[in-house]
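The first chain written gets the first letter, and so on, giving A, B, C, D and E; residue counts start at 1 in each chain.
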């Protein structure tokens, strides 16, 4: 999984019906020292993460293993809101 | 998922029969500020996106979770036409 | 999917028996302006593409969704021979 | 698979219930000479690896093929603690 | 698939039991001209490849489509020993 920071939201009216009702959050990847990277993805939120929160994100087919994303065209999902990172070099 | 901009179309007569009738769009990835990146993929369009539109794209096995791509040799699909991006640093 | 150019062939006698009879083509990725990139993959050919042809290639689990690659240890397949690319910035 | 070094732990209270009880380790990738790279992922630990240990890590859907990760939204898992690397250029 | 060169072996006693008996080879990726790249992965060997041999490697879920890797936490497998590469720019 990847550590990220929620920085925004994507709005779309015309979409695959399987995406109906899903919150599409923009998540920028975090470096180990807590700085945000340029790389970002749009992820479905399964845990109610708000803007500015540090999150854990699963990608690929693993992103479809939550109750709200199962069998849907989703390749990134927020699976946790991070309380703390204990690591050498972490901020 | 990834944000992209539809910039063109691929035409192919000789192809795997499972691709018959599918629109193959060229999608360049977008940075968060809305500028287009060099990186691009060819994606099947499931929502009728036109040239110049900003879209959401799913990749990998998740690209096969729409009605028109299921069980087909497709690894990228346009799943939404983006109305608005609300994000720190977005254009 | 990715646009590529077939530039060669790989020959192997000792191999997993599920690869028996498969043509293994070397495909270099193409930029949007038609120039070849350094990046290349070895792909199974499902459409009879010859050296020098521009092709469409699917990767990952999607590469196993053709009749000849199903359930085999193959992660890249040529799915179409490209007739034309209509795109901003295309050659 | 990828060689990595366990450098830390991620703590999260609010998370997808399928992650309950899983140890989330931060693993930095190793170069062949044993130096740590900047690239890191958060992986579920299936073998009891401690901080500072060199490990083997599987990613993508293969990360869900252990008893503790099956069908869960997990895209990286530690599958072995490495005793020794015999390689040209290895430290 | 990717062309690689076997450069070493990984030894691990404490591991997921599904990896028992598998030979874990270190494979460095090859450029088209035959030079080895820095990028490497640890792959299960399904064809008896020795150190120094040029091999074909499948990754991701496709790496689980051989008899010895099926349903196991393995994301890279050697599927062939390469006899010859015929390509523009190949050594």
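Criterion: contacts are C-beta pairs under 8 Å (C-beta built on N, C-alpha and C of every residue); 3 or more make two chains touch, one makes a residue touch a chain.
From a predicted model like this one, the values you see are computed outputs, not experimental measurements.
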{"item": "Chains contacting each of chain C and chain E, listed by label", "value": "none"}
{"item": "Centre-to-centre distance between chain D and chain B (centres being mean Cα positions), rounded to whole Å", "value": "32"}
{"item": "Geometric centre distance via CA averages, chain B-chain A, whole Å", "value": "20"}
{"item": "Chain D: positions in contact with at least two other chains", "value": "60-61, 63"}
{"item": "Cyclic chain order - from chain C, heading first toward chain E", "value": "C, E, D, A, B"}
{"item": "Touching residues (chain side chain A, partner chain B) in the complex", "value": "7-16, 18-19, 24, 26, 28, 38, 40-43, 60-61, 63-64, 71-76"}
{"item": "In the complex with chain D, residue positions of chain A that touch it", "value": "1-3, 31-32, 46-48, 56, 58-63, 65-66, 77, 79-90"}
